[in-house]
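Look for chain A in each of the two complexes below; its partner is chain B in the first and chain C in the second.
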Partner chain A sequence: MTITRRNLLKMMGITALGTAFGKYLTARADSPVARVISKVFIENPRSQKNRSAQKVRLAMVIDLRKCVSDQGCTKCIDACNQAHNIPNFGNSKDAIKWIWKERYEDAFIDQENFYIKEEFKGKLVPVFCNNCDNPPCVEVCPTQATFKRDDGIVMMDWHRCIGCRYCMAACPYGSRSFNWRDPRPFISNINEDYPTRSAGVVEKCTWCDERVSQGLLPICVEACPEKALVFGNLNDPASEVRRLLKDNFSIRRKPGLGTSPEIYYLV
Partner chain B sequence: MLEYAFRGSKRYWAWLTFLCIIISVGFYFYIKQLSYGLGITGMSRDVSWGLYIAQFTFIVGIAASAVMVVLPYYLHNYKVFSRVTILGEFLAISSVIMCITFVFVDLGQPSRVLNIFLYPTPHSLMFWDVIALGGYLVLNVIITRVTLGSEYKHIEPPGWIRPVIIISIPWAISIHTVTAFLFAGLAGRPFWLTAILAPRFLASAFSAGPALLIVLSMIVKKITGFDVNDEALKKLSLIVTYAMCINVFLILMELFTTLYGGIPEDVSHLQFLYSGLDGNHTLVPWMWASSILALGSLIFLITPRCRNNYKILFLSCLMVFFSIWIDKGLGLVIAGFTPSQFGNVVKYWPTLPESFIALGIWGVGAFLVTAFYKITISIRQELKV
Partner chain C sequence: MYDGGKIITGLLIFVCLFTSPFWYDISSKTAMEKPTPVLPANQKECVSTVSFMLSDHMELLNTWRYEVVREGKTYYTSPSGNNYKMRLTRTCLNCHSNSSEFCDRCHDYAGVNPYCWDCHNKTQNLAGK
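And then the complex of A and B:
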């Protein structure tokens, strides 16, 4: 190729584009390749060292021995639904769920224990977003509309979400809901202090980040008459959650997947 | 060059009008979807991807399969493919446009699609898939534009196009590999979490794609007299045969590991597909139809007497195409979500609006293929090459 002005300009354009694209990517390192390499050579997948080293790692402990949700109690669910403008469509196809009940065997599907304690057979347990320490939803989101805060809460930006629902495919807990249609007409009693959502975005429980930032407990914790839900900082050795976990046997949902779910169930 | 797309017989215009009607119906339902939300589809909280993403996955394969004619022709200088290669490349362009449209109609907030570029996220494979597909589209547009443009002007194509073509070969492999990684990297979805998903995608793509190319070439010959030549069709049919053998082999590998390994959660997805789960048999007849079509097509394709008979070849190629369409364009995505994370079976079936939107996008693809092929064939027939 002879170097004419036209060709030179073309080459400069291509070089500039290439450089810009390289910069664009390196500015946000952390590509799949980097992840794969670090998983093999640096991390020990079972090591606790990978856990958030921040001062605060929020977590929740649910004492299933105290929880009476299978006796018809829906206090935590009702309080959450009201506080967060959760619509009620009256059908399961469009349903939005932040806290809800599942049978023990379904919530802990990988337990595969036919001879469990009688009272746990078919027991309804409250489930919600585990705010994982290693959240797969955050890993797959193409716009960082879902992201992990320093204190461990996995957040949702409803203004950035493009509604691709890749996070829903990635979540092993079915914790995410999509607004299949406009939710606003289906909210019976709108709470003006909390945003409603538009159609076409994903949402989930964020452990009441709006309350946590004011030093309050999540509303479900406050609403529980049995004090079965306990919320606190796992990285504080003196916290209530740490004490409960030290003194009681706890299980988590699908811990084998490496997501490090941060809701601990006492059985 | 484009002017050729605007000159045609009555039959040509009738066909394009027909496609426009299909596209308009799809567009009408898309407008409805925009105002109502994606709740207009059969998708739900538990089956949160459906026909759109499934069709996208299948058609990425069709796009990638152009490499099966590009590679022999350009890398090995296999002259027999001189006519069919351009048809393959235009099929690729049309397919990529269909893919992008399918992803677009699946978005809950399509007006925010540029957020993918405004907040680029290299740890998300969707970001890489967008790069791979966009790049592949650009490469193929440049390649076809330059090679066909040179023919039109009766000159040799410029030298710099060769490296571009060479890059397009691994790039074609990449688009389907990255698409497989979208699924195969999710720890919470055992049905997709398999290392042979990408190889399976490639094998099924390299059988369904060339099968479609054979079918299209035969139709083109019948309508326009433009003959890609017998030897090219024979070679292509051999490619379909080998790729289909590998595809079926890989499916059987998957079945063995899952069923003999016997992890209940993994097995349950196959039960849903092949025998029904919790009284839900939605996909069972489809999956068995897919299996029968696959085995039937293999019997025809492996037997030289059948493969070399154009009528039987045409039929076998359709069988290959539909077998893989069911497997990848229906089963793969739905079964990944069924049973759900809680082990229950939530029924999914595309609704009428959803199906019409999908059909509309197929209409767009058919429209593009028709227009591109019209231009190509007009130029070639004028040149008598």
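And then the complex of A and C:
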């Protein structure tokens, strides 16, 4: 195809107009187009700018220096299992895990230091749902059965869960478990104040939303004999969690993935 | 009409068979009766008016579910101005303590099968707590 002088001039004119129009649309940073562009192309999900601007951003700080001293202690896990009617199917394949333990090296898999503190080497540390500030499970849930509350808790609406398990695939921490069978017969001591789940539903730790709504602390925080778990509002500069983070070195699980996990481990 | 007798006989048999449930129901002594749910003896008012609860209790429960799980609310204010905790086990069953004599009577009659109790606990032990 040959380009005539006339067509070339037409194309140049259209290009100039388009450029000018695009510039006009994006000239103001708060214009809708500019916002879409910055959301899609510019915003880095790892950037701290995207953190919840809510008044309350709940978070947990776990002092591992206190926690790892007693490797046999499962008080937080026991309290949680009892409070939330967590079944014991008797095999690890079907296990329902709200709080569980991982080896330090496995929990913090992207810590690159080969030589770590002797007190943590091979030790079991408690891991939870991180109630991420940028939760991938919420992103993929097709029914909005899992969603982020205004205070940051990543909540489960078990009524809505259709059991597709996308969230389990999306969660990089393995914090979600699936009920392959009706869990009721496998709950040894039922807490009648809390519902059970049914077959075909995904469940996870929700930081005791039922207690938080009443102004109580999560049951694991209360159960810890070492007071190694601290729970509070990260957006309140005077809170205990903020004080601990200010005074201590903390790490999070797989922060590089951009999920912004909200459990901070003091090491 | 060819084979008129056969056709009419066949039609009669068909109509009789097709309507047999109605004849059975009329003739049988165990005909379905209007359900009689057992109401709590010691309570005067529910969380809303009786007529509203009769027709819309499922909508109310659905709203409670939404507000508790998704909006983090706890209390419901009844038309008479009382506050109730939005909880199936603790609030509803506190008065309607026997679900098989209350819920199930109408649900069985209407042929509906809600799955509330798959997860929520039906318990007698929580009354008054």
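The rule is simple: the second predicted complex is superposed on the first by the 217 of 267 C-alpha atoms of A that agree within 3 Å, B and C clash if a C-alpha of one lies under 4 Å from a C-alpha of the other, contacts with A are read in each partner's own complex, and residues count from 1 in each chain.
Just so we're on the same page, contacts are C-beta pairs under 8 Å (C-beta built on N, C-alpha and C of every residue); 3 or more make two chains touch, one makes a residue touch a chain.
Note that this is a predicted model, so its numbers are computed, not measured.
Steric overlap between chain B and chain C is absent once the structures are superposed on chain A; the two fit side by side. In the superposed model, A:120 makes contact with neither chain B nor chain C. By the document's definition of touching, of the two partners only chain C reaches A:196; chain B does not. After overlaying the two complexes on the shared chain, residue contacts for A:265 are found with neither chain B nor chain C.
Residue contacts after overlaying the shared chain place A:155 against chain C, while chain B stays out of touching range. Here chain B and chain C are compared by how many residues of chain A each touches, and B touches more. Contacts of A:128 after superposition on the shared chain: neither chain B nor chain C is touched.
With chain A used as the common frame, chain B approaches chain C to a shortest CA-CA distance of 12 Å. Shared contact residues of chain A with chain B and chain C: 182, 198. The residues of chain C lying in touch with chain A in their complex are 65, 69-70, 72, 74, 89-90, 115, 118-121, 123, 125-126. Touching chain B in their complex are the following residues of chain A: 1, 24-25, 28-32, 35, 92-97, 102, 106-107, 109-110, 112, 136, 139-145, 160-166, 168-174, 177-182, 198-202, 254, 257-259. Contacts from chain A toward chain C in the complex involve residues 147, 149-151, 155, 157-159, 182, 190, 192-198, 209, 213-214. The residues of chain B lying in touch with chain A in their complex are 36-39, 43-46, 48-49, 103, 106-110, 112-113, 115-116, 118-128, 130, 159-160, 181-183, 185-189, 264-265, 336-337, 340-344, 346.
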